[in-house]
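Next come two complexes built around chain A: one with chain B, the other with chain C.
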Partner chain A sequence: MARKNFDVSSLMQSKVTWAVIAELLILLVCFIIRPDFFSISYQPSTGMLYGSLIDIVNRSAEITIISMGMTLVIALGGTDLSVGALVAVAGAIALKFLRWDVLTYNTPGDYTVCPYIFVLTVPLIVCALMGLFNGFLVAKGGIQPIIATLILMVCGRGVAQILTDGKQFTTGYSPFRIIGQGSFLYLPMPIIITILVVLGVAIFTRKTAFGAFVESVGVNPSASRLSGIKADTVILIVFMITGLLSGIAGLIYSSRIMSNDSNNAGLNFEMDAILAVVIGGTNMSGGKFSLAGTVIGSLIIRTIVTFVYYFGIVAEATMAFKALIIAVVIVLQSQPVREYFAKRAARRGGESR
Partner chain B sequence: MPQKNILEMKGITIQFPGVKALDGVDFSLREGEIHSLLGENGAGKSTLIKCLTGVNRMDEGQILLDGREIRPSGPSQAMELGISTVFQEVNLCPNLSVAENIFVGRQPMKHGQINWREINSRAEELMSRFHLNIDVTRPLSYYSTAIQQMTSIARAVDVKAKILILDEPTSSLDENEVQLLFNVMRELRANGMGIIFITHFLDQIYAVSDRMTILRNGHLIGTYGINELGKVELVTKMVGKDMDVIFNLKRAEVPGDADYMLKAEHIGDASHVKDISITLKKGELVGFAGLLGSGRTETAEMLFGASRTVKGEIFVDGESITLRQPFDAIKARIAFCPEDRKRDGIIGDLSIRENIMLAVQSRKGFMHPMTKQEQTELADKYIKLLGIATPDCEKKAGELSGGNQQKVILARWMAAEPKILILDEPTRGIDIGAKAEIQRLMLEMCGEGVSVIFISSELDEIIRCSNRIIIMRDREKVAEVDGSSCTQQDILKIIAEGAA
Partner chain C sequence: MTNNRQSILSKLTNPKYIMVYATIGIFFVIYAFGAFMYGDKGFMTVRTFVNLFIDNAYFGISAVGMTMVLITGGIDLSVGAVASLTGMFIAYGTTVLGLHPMTCIFAALVMGVGLGLLMGWVIHYLNVPPFITTLTGMFFARGVCSLISRESIDIHHPMIDALAGWKIYLMKYSAGHWVRIRPIAFINFNVILFVVMIIAGTFILQRTRFGRNIYAIGGNEQSASLMGLPVGRTKVLVYGFNGLCSVLAGISYALYVKSGWNLSLQGGELEVITCAVIGGTLLTGGVGYMIGTLFGVLLKSVIPALITFNGNLLSWWGKIATGGLLLLFICIQRFVVTSSARKK
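Moving on, here comes the complex of A and B:
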């Protein structure tokens, strides 16, 4: 009995608990207003399940994938502002390979000019290298992450523009469409990719000692170095992973619109990713991180957006409304609120004993 | 001799979940007295202070200030009542000037603007009361720890305090700086202030205080005049065991033909240390004596690869090695407990388990992880072996007391099974029982064939443990003496005058 009470109290202390509660509350409001919000139906023509919940998870894919990397960067005590720009870069490269010389292949259609394997791999390699560049500035240059990644945040979109001569290409190549619009096991492909990425990052960090090293460097870099951890290597790997994941998100994004959009692709993604991580309970000052929390954080952000669309709140009020709900979530997670409920839980446990 | 009590604490009881932190403790402070508060880590000293300053709420008991009952709700209210505290870690802003630090939050104003002239002149006046004629407009970080300490005292005193609490103010000061602090304390005492002094250094208690109160496990053991109790009796009362038992340590025995484990020939780093040669035999304990800044730490950091060796050569077990980073040293089975436990040692937000497994894991590389089961077994083994006071290995290391944190770091390195162990001030700021335990552990490891380099500012513990003592001065090795045949006086003389 005592054991159980103790658990309730510590559960109340956890930010992840509050993130889950917040998500459930938003969903509950959705349900009250529109009881069919939760309905999921099967569409035989596309072989996919449909419904608001599926849509939320599907549409959160890019942010969830990026925020897996962002979680590690923040656990190191840094931030990566360049992720949104890398989404644009990945899209630009993919479309460049699909259309190559637009003057010759001047109508978009179900074809690719360069081998499809280039379309898939080169964007990812370039984004990983750009992430490595970020990591290099931070680890070897000793530059604060927020400043170091600001460079690519600004120039990344420029690179994307140059690659495509400032034009917006479109494509109709069907294998490319699968990434963002296809399905597998009745589920939209982005959900499948997200699941694989989340599992991959979770296994890499928790089944090896990498996660512990990241946390250790995030809490106390000096002591970590003196304990033999190669902090520089850890930083390089983390930023490279984040770059790579931004590339994956970029492919999904451009496959959804079957186009590149150097100006708008991935716009403000860095903010949403940081927010997802913070709502997920990872502290901005570095240290312990929670990948599960981040996934929930990302879902919360997307649920709010869906909520806004779904209930026809006027477009002008969208941003303000989103900010309002996020403010409530953050307050719910604040130290005083968590402590208040933890104490209440502990006291109630004490009385019942 | 004024005899009026300015502070009386009666029957103070504080209950923490599962443990009575204080149990009916009485404490009184007279006007114009320096009263030492003694006890091991966890005895309840800090809790008593926190109760007085309103950080912890007491469950029973009362506090009388000048005969009137008070119940401070927090440090700022305590300060208004005239109770000022100077903590162990200087909590000032290093980038602000000395004067700003003294007046921050209560700057004198003139026409709605800060009156800088008054701030600076009043700060100068305050510091000169402590016989410190310094430029108070310089940033605090420009000055030594001692001056920073004085600044926080000046800040505390200027708010018209009746009671000044000094919590371990001397742990990062050298001998001269300690004397400076004592002069200030005596001056304040002469002005009628009551001072509560907490320290782990027994000599300092006898040098400066009038009375002492001893706590053990939350109980009051007694209050004594300074002449009533000798050192040995004092320690016995603090620890509750006989001092002989604690200090029954035997120096490591090293056969004359033992192999050299470590040889450093004419090593120097980029800035400080020019030319140092050191040998260390298997199972030998070599002490490094010398003042702060004499090059002890710099030399140790070179031997661990924490700073680059630009000159000379290092041999481990007969083989020449290059140490580019601590990882290389760990590969060569060298371990290093750094001087600044908080900054370079403990990883506060991680659990005891993670802190202990770190060095082993970093040697293996992250692709060869230890399972949680293995980590827990390792941590539990050392928690038991070193007597780390914790309910389990999942507690955050940052929440432990200083002595237990030190044991966790020691455990981290013992788990890495080193051949050479370098300990930089491992006993600083921890209580006498834990100190003795760490010394015992060091010597036990020597007995198992580990070679130890022991750096300490406390000469008696260096002499007690070392086979040989290397004496450093002004970033040079000035002498090497035999540990069994030298006295504190010999060493002090060499430190003061240079080569023997």
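Moving on, here comes the complex of A and C:
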């Protein structure tokens, strides 16, 4: 009995619980207003399933992928502001390799100029290296992560623009289209990639000691160094992973639009990713992290956007609704409110006993 | 007497001013470089120098509030969106609704300061990280901008036109009477507002109890609270003051471009933070000076000026140069902090 009371109380204390409740509530409102919100249909011509839920998961892919890395960075007690700029860089490099010849062939056809393997690997390698640069500044330079990553955030888009000479290339290369618009097992490709990334990060952090290292460094770097954890190496790896994941998100984004858009690709992604992580229950001061919570956080953000689109409100105004709903979630999750509910739950448990 | 002079000297050589000196020094190095390279094209003129103020006054005004927020150890990401919303208020109010600009400005002030106070309250009393709280504020303000209008609205109102057109020409005394200097240089309302805000900010930080509380909270919030300082009230007021600065920046920007647009000043918050960091404000809190922020704004604005004078470079190089400057300053800061820690 006592055990059960404890569970209710800790469940009320958990931020992830509140995130799940919030997501379910938003979905419920969607369902009440539009009963067909949950319907999923099969489109034989493309071999894909269609429906609002599929669309939410599909469109949240970039943010979910980035926020997997961001979760680890925030668990370390930092933030990575450069991810949005890295998305632009990845797109710029990929399109540069696909359309190097833009002056000679003006029609975006089904061809690539450089071998396709370069199109896929070079952006990822460059983004991982940029992540490593962030990690180097934080680990070896001892600089606050928020400022260290501000550097690449400020100049990353400049790099992307200069790589492409300020031009916007478009392409029609079909293998590249698969990344963002293809399908596999009836599901859109971005969902498959997201599942692979989430599983990969989860296995890497939870099946090895790496996750525990990250949490330990996030709570107290010097104590973990004294207990034999190489804090610097952990930081370097985490920032490199985040860079790499931003690169993957960049490829998905540019494959969706089959173009590079150095001004708008990944705009505000860092903000959305940080929000997803925080809504998912990871504390910004570092320590324990929850990858499942982050996935839910990312879904909440996308559900809000889809919700607003559905009811015909202008696209740019989504932000106001996003802000209102996020404000409610954040207030519900804030320490005083959670303590209040936990206390009430504990008291009620005591009475029933 | 000698003693007094020594104390002034030792005050000036205090290591806590090193960052400010570095900012001022690098600004003059870059300015001298510009003078050397493009002196013949008019880089040295008073006009170019005054234009640094005119073209960046709105960033500077916002940076005054941002510096205070950063000194408390917080951050405010909503400034660009609030400034943009102020512009929308003025543009929509005067052009579409036909209201008097002062009414619109008053509404914007209520909105900006209110939002700032609310965010400060949430940050302190609900213990939500400043980054998340002000990010939500930014989304909110930006969303309301788009709800008002998705199109750019021109501002046509005699009062706004008069205020935007009002300028003091810089004069020089030659051959017995005052003449305008050539090429013509002038100071407008924005520049005066910018300078007044910097002076007001310096006064608040250095000469009032409120300012000392700000530094104390940034140094160590827990000690400040144990010392009996009004931590909560100070933090809420700092965010409120920053809201005021954002609204003033928005007014200044509206006067500068004479229109309101829902996507204007996007990313402006990071430009402002960059100015403050280049000016020697530490994001960990507790350290920062208005004079540093002033030169941070000038330093950040001299780079686009150099690129314009060069004429061949893509404007994107400006972003990369700003990133490089940030890196340089962070390294200097790091060096200063470690060397002063070693001394202790």
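FYI, the second predicted complex is superposed on the first by the 348 of 353 C-alpha atoms of A that agree within 3 Å, B and C clash if a C-alpha of one lies under 4 Å from a C-alpha of the other, contacts with A are read in each partner's own complex, and residues count from 1 in each chain.
In this section, a residue touches a chain if its C-beta (ideal position, glycine included) is under 8 Å from a C-beta of that chain, and two chains touch if they have at least 3 such contacts.
Remember, predicted model here, so these are calculated numbers, not experimental data.
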Which superposed partner A:Pro35 touches (first chain B, second chain C, both, neither): neither
Partner chain in contact with A:Ser334 - chain B first, chain C second, else both or neither: second
Partner contacting more residues of chain A (chain B vs chain C): C
First (chain B), second (chain C), both or neither touched by A:Ile143: second
Chain B versus chain C as contact partner of A:Gly312, first or second or both or neither: neither
Partner chain(s) touched by A:Pro44 [first = chain B, second = chain C, both, neither]: neither
First, second, both or neither for A:Phe210, with chain B first and chain C second: first
Residues of chain B defined as touching chain A within the complex: 304, 306, 325-327, 329-330, 336, 338, 343-350, 354, 357-359, 361-364, 366-370, 412
Chain C residues touching chain A - in the complex, by the definition given at the top: 75, 77, 122, 125-129, 131-133, 135-140, 142-147, 150, 262-263, 270, 273-274, 277, 283-284, 314, 316-324, 326-327, 330-331, 334, 338
Residues on chain A engaged by chain C in the complex (per definition of touch): 79, 81, 137, 141-144, 146-148, 150-159, 161-162, 165-166, 271, 274-275, 278, 284-285, 314, 316-324, 326-327, 330-331, 334-337
Contacting residues of chain A [partner chain B, same complex]: 207-210, 212-213, 215-216, 219-220, 222-230, 287-288
